[in-house]
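One structure follows; several queries about it will come next.
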Amino acid sequence: MTHRISKGRLRSLLVASALALAAGPAYADICGKVGGDLVLGMEAKLGTLDQHVNAANATRNVAMNIFETLMTRDDKMAPILDLADSLDVSDDKLTYIFTLRSGVKFHNGKPLTSADVAASFDRYSRIGVDRSALGSVDHWETPDDATFKIILKEPQASFLESISASTVPIVIIPSEQANAEATRLEAIGTGPFQLDEFVADSHVKLKRYEDYKPNETLDGLSGFAGRKQACVDTVTFRTLAEPGARLAALETGEVDIVEDVPTLSTERIADNKDIVQTQLKHAALWLTYPNLSEPPTDNLKVRQAIQAALNLDEIMDAMSDGSYSLNPSFQFPGQTYYSEAGSQYYNRNDPEAAKALLKEAGYNGEPIRLLTTRDIPRLYTAALVMSEQMKAVGMNAELVVLDWPTALGMSVNETKGWNFFYTGWITVTAQGGAQSLRNLADPSNVHKPKDNKSDAEFMKQFEILSNSPDLEERKAAFAKAQERVFEQVMAIPFGVTPKNQATRANVKGYVPFFNTRVSNVWLEN
Amino acid sequence: MTRTDPILSIEGLSTSFTGDEGTVVAVDDVSFDVNEGEIVGLIGESGSGKSVTALGIIGLLPKDTARVTAKRIMFDGRDLTQASDRELRRLRGGSIGMVFQEPMSSLNPVLKIGDQLMEPIRIHERISRRAAFDRGVELLAKVGIPSPAQRMNDYPHQLSGGMRQRVMIAIALSCSPKLLLADEPTTALDVTIQAQLLDLLLEIQAETRMAIVLITHSMGVIAECADKVVVMYSGRIAEQGPVTEIFDRPGHPYTRGLMQCTPELTGNPRRLTTIPGSLPSLSALPPGCRFAPRCDLALDACRTGRPPMIGLGEKHASACIRATELVTRSMLPEGAEA
Amino acid sequence: MTSLELNESPRDASLLRRFLNGRRVRRLLRHRSFMIGLWLCVFVAAIAILAPVISPVDPNKMAIRSRFQPPSFDFLLGTDNLGRDLFSRVAWGARLSLSIGLGVVLLNAVFGVILGALAGYFRRLDGILMRLSDALMAFPSVLLAIGIAAAMGASAMTAVISLAVVYIPRTARILRASVLQVKELEFVNASRAAGAGDFHILRRHILPNCMAPLVVQLSFVFAYAILSEAVLSFLGLGAAPTDASWGIMISEGRSYIREAPWLTIIPGMAIAITVLGLNLLGDGLRDVLDPRVKLEQS
Amino acid sequence: MFAYTLRRLAQAVPILLLVSLISFGIMQLVPGDPAAVLAGPNATPDDLIRLRETLGLDKSFLTQIMIFYTNLFKGDLGYSIILGEPVLKVVIERSPISISLAIYSLVLTIVLGLSIGVVAAMKHNRWVDQIAMSFALIGVSVPNFWLGLVMIVLFSVHLGWLPTGGYVPFFEDPAGWFLAATMPALSLAMMQIGLLARLTRSTMLEVLGQDYIRTARAKGASEARVIFKHAMNNVLIPVVTVLGMILSVLLSGSVIVETIFAVPGIGALLGNAILGRDYPMIQGGLIFVAAVLLILNIVVDVLYAWLDPRVRVQ
């Protein structure tokens, strides 16, 4: 017997009837209006659209409107089929058989076949950033044009989560591009939009792909998946790195959508009738992690002292200009794995306890280096405020401010010269319990544990979290693992910031998400 | 037209300059006449105000720093003090030609000789470029420049100093002026070339009968060319009169000094150095006679008031209170001084 | 009609005497733009020197609760996004800007003179040094500075060094040109005929006569250095991010340019006033010391 | 003249080699790597390690230099790590944008700088002069990036006259290009306008004091004729000599101005390349820009020789 996961089993009947009725233009039923050029103001510069080798938000925001994946995440970040109609998993959990959706064509007109899927997986396993997601795969086969079969070496409970991960998705590309070198992929996908013009660091223009075959098992968008339609003729993603200019462009109507509206500006434009603001309440988790190989943060007591000293309200307030929520978890509230286990260690703001712990640790004014960057202002502010709080309890905190490439490189390559590194997790957190703690687990641990071995108790829970077939068991393991992280001070979450977005009032159908989705968005006059 | 009025008549010309150091008076109440066909020598040391006088007459001093006042400047029957900029412009290069001291820098380095020569012709006369060019070639030939047609296409730096000054003279003559203001036209040149150029000027003057104001600091040049001489000292006229009068009966100690240090006149190889001292600074002028500090004949009275012009004969006058005495004495035989 | 300044006797030229002779000082004191520039510079320098005294609070003292205060009696120039007092930061910024500017000027004076003198005096070194400076000057200056700053990490010292590297070739060229000119003058030949050594001639006779264009150039280098430091800091490559630097303040403030414009406007004005002062000062020096140098730019 | 041009071109070759060596030297000292940039702010260190292998950044620096020079002689500037496109192609795509911006700035500089300078000189020491020179002084004292920011707020937000940035290709939409390029060009040119106005004024004053100007006046030439026929050509000679410098500064300034106004030009490209450690892009781009600057300087020198007959006729 096989488990059959079919999308929208319940809905399929409804969809079938809807299809029967849909006689007019394919996009008329979702789009309130068709046509126009939708302009988005982006913060980050966009260098490449090669989604296989790029984890940047900027790339994903554009590329995921061009490409599609076999499997992706829905609005709850649960795995969901996209280019496949169905998936059969063998009882031994070793064989996964995908049946491709029929009638799907690439932007170059070529119909999608299993050979393309295999080629995409080939390329991803060769150079894809998250190619470890395919680590447990033995091989894949293409029994026929519509069937793609993956055979694992050993069962892996989180396999579907891995291949549907949305950080660096395994997008499906035409088979002739299987050998394209890193960053040199031609942007030819199966998505509702196709590439029209791309000037790196400046703008990307997409146009509607007329032969797009929507996934009709859903009514509308759900996360990265869903029924997509290109309502506008073209979409222009414009890089407007200057924050003032970006919002100004929205106010003057040069752009229709701006993501990441500064907190202060949200108040100012609140009265503007031409602008509608939307918010993704839990968008990014901000945190710092210590370097467990470098004194004095190799000393648990010192780490605990720092943990005890911090006033996270102040840190979050400063870094977000007041728009934040505290979050004693590595998951966002409302997510399946959300747990407050270990919250007694969170946001203690207890200088006396910190001083006592320091004394106990025998701390003697050794420098504690906070490695951060000014390229991401929030990380800089977090480190700056944290250093002040540490100094207040007698710690010798020093900022090491480097540009982002250098700082990140240093945190990866060096076990010396830094004690805390600052970062923000967006997709990592969004993708669930195991993903969010993966960076503290072997082999990809970031906190430089001694002998490169993360805490044993933590690893035990992480194994369960990764591999247990039982959700409740996994949730319990997540809670325990998280508590262990707090106890051992392997990382300190600060809090969560929302993503404030704003659109012109005539932009309809736009729903904020971790990713920018321009399908099903239309422009009214 | 009968020769009644002088072609140029200057009355009470003064010029002052305003700069960082305050205002100084460079030319103070100067009056003299130039008749048609006459060569008037304007002589004095550097800084005595000769050039400023000439430039002041035709409004070529910088407007933002210089202030020119005069009772009257009559040129060819009209008062230049009343003339508009436009009228002055029409005179310059037309009825009044001008030659400057520095042939090296007086020609525009980036324009061809021909263009610069044709310019006044084209400004003042409505003739074609072709005709102006021909006139230019003719003028160059007239001032003694070999292969003039080729030279028209040369740039100034391709010509020697003497040649450039000939070009300047050609430019000044291009519209057949009634008056030529020649500001030390030969000073910057070699002695042999100086003589050639002076001869050229005299030749042309003889031919055209134009009046010339010849500015120089050489009594020799005056003796050779001028009909009349105006001696300037420190912005004022020291003495003026017909050249023979002045040479025979100098009525001012300064004129005498100038003559004594002119080798051509005395055989003495030394030049102006025989007059002790130097011109007073315009910002620290002595009261009374400005020559008094250098004058070995000075009396106490010389140091108090401005000496009046004392007539010494027809058209001969001197600003020295001892002028009469001097003239009388100069008629005595050499060595008979008291 | 223009009075030409005669070359003073160069033989006993002591630097100080040459520059502070009475006539020059009097001319400078009468020079209007020099005096305006001088007063502006004195004003900025006073703020820089007195920063610790006149700053109401530590420039890095955060007060999250009182952030984004517009200029008022309590906060003379307002507060920034972390509640830091802008007046204190601007004052300390003056200190930083002027120190960096001075550092660049100093390095320019030392290396510009050494390299320029060597290139101008010794023909054999000239070719190499000038090709090297050609190459350095073939880089767009901001890119060169960004490259060096990226290599060294952001700090005040980085800013000084990278800007010095940008401007030294230019200063050296100016010095070289003057040395070439002075080298041919009679007293140099006389001194050589009298048996003086090369370095003696350079030091005693040539360099003192090249000081005027150098001083003028350095005053402009000072101005450009302050502008460029602001550019580097704005890009995050100049002063250390923890320093109160005008460029960094603009860079941080620009996110709030609509809601808290003073965060951008005020540091920009501070830069403009300082550079204006230095430019005016340089104009005066040029007019009085060296009428020949007309324009030297980055 | 032709031989002179050839000689100048030949001299440029060793300079270019030096340029590339210097940039190699500097980049060798630069820490950090392009993988981090590519991976983006949310990348985990784990992503980074894998990405670095993918990009072949584990090769030694010497190897990279050797590869670069070998390819350079084949006319191949290599592939940009970040953009995944041939460096030459990117550079050729982007340069017209910067060059059109630089030309616009240069035109602004020359037109405004010259006319302000000439007017100031003609009205020497009068109020027009004072105002013109104050403007020029402010121009040379205000940081261009700050001016850009303030202009965006003023002209885009409050007045709504000009777009906040971006780039419109000239041949597609000249009016759009003009609107989009005006603020970047102006903030780029401001300092140069000030410098040129000051230079023009002082040169013009100097020229107006020359004997040949007196000669021109003595010919009865009108004031306009004196200024434009006699003085202007002489003023232009020193002005032309600084054109090369001005162009270099304009191209250099484009790094920051293009960033602020989101103009996808070569300045922003190279600035990003340095910040992103895109070594092939930096190397290739710098050589290209340096070559352009050197050639422009040669053009300027030839133009100078053409303007000044003293140099030309020899």
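Residue numbering begins at 1 within each chain, and the chains themselves are lettered A, B, C and D in the order written.
Throughout what follows, a residue touches a chain if its C-beta (ideal position, glycine included) is under 8 Å from a C-beta of that chain, and two chains touch if they have at least 3 such contacts.
Since the structure is predicted, the reported quantities are computational estimates derived from the model, not experimental observations.
State the pair with the higher C-beta contact count; candidates are A-C and C-D.
C-D
Please indicate the chain closest to the centre of the assembly, with centres calculated from CA atoms only.
Chain D is the most central one.
Express in whole angstrom the distance between the two chain centres, defined as the mean CA positions of subunit A and subunit B.
Distance between chain centres, rounded to whole Å: 92 Å.
Rounded to the nearest whole Å, what is the centre-to-centre distance of subunit A and subunit C, using the mean of the C-alpha atoms as each centre?
About 47 Å, centre to centre.
Counting only Cα atoms for the centres, state how far subunit B is from subunit C in Å.
Taking the mean C-alpha position of each chain, the two centres sit 51 Å apart.
Report the inter-chain centroid distance for subunit C and subunit D in whole angstrom, where each centroid is the mean of the CA atoms.
22
Which subunit C residues sit where two or more other chains touch them?
150, 153, 254, 257-258 - these are the residues of subunit C that touch more than one other chain.
Enumerate the residues of subunit A that touch no fewer than two other chains.
Residues 242, 244, 248, 375, 402-403, 406.
Pull out every residue in subunit D that's touching 2 or more other chains.
31-32, 149, 152-153, 157, 209, 259, 275
Within their complex, state which residues of subunit B touch subunit D.
Listed in rising order, the residues of subunit B that touch subunit D are 55, 58, 60, 62, 64, 89-94, 97-98, 100, 102, 105-111, 116, 119-120, 123-124, 155, 157-158, 168, 171-172.
Contact residues on subunit A for subunit D in the complex?
Listed in rising order, the residues of subunit A that touch subunit D are 44-45, 47-48, 50, 53-59, 127, 129-132, 167-168, 181-185, 199-203, 238-242, 244-246, 248-249, 251-252, 254, 375-376, 402-412, 423-428, 438-439, 444, 446.
Show me the residue ranges of subunit A that touch subunit C in the complex, using the header's touch definition.
These residues of subunit A touch subunit C: 242-244, 247-248, 262, 264-265, 267-268, 314, 317-318, 321, 374-375, 377, 380-381, 384-385, 388, 399, 401-403, 406.
Show which residues of subunit D lie in contact with subunit B when the two form their complex.
124-126, 209-212, 214-222, 225, 229-230, 233-234, 237, 307-310, 313
Please give the residue numbers of subunit C that touch subunit A in the complex, ascending.
62, 64, 67-68, 81-82, 150, 153-154, 236-237, 240-242, 252, 254-260
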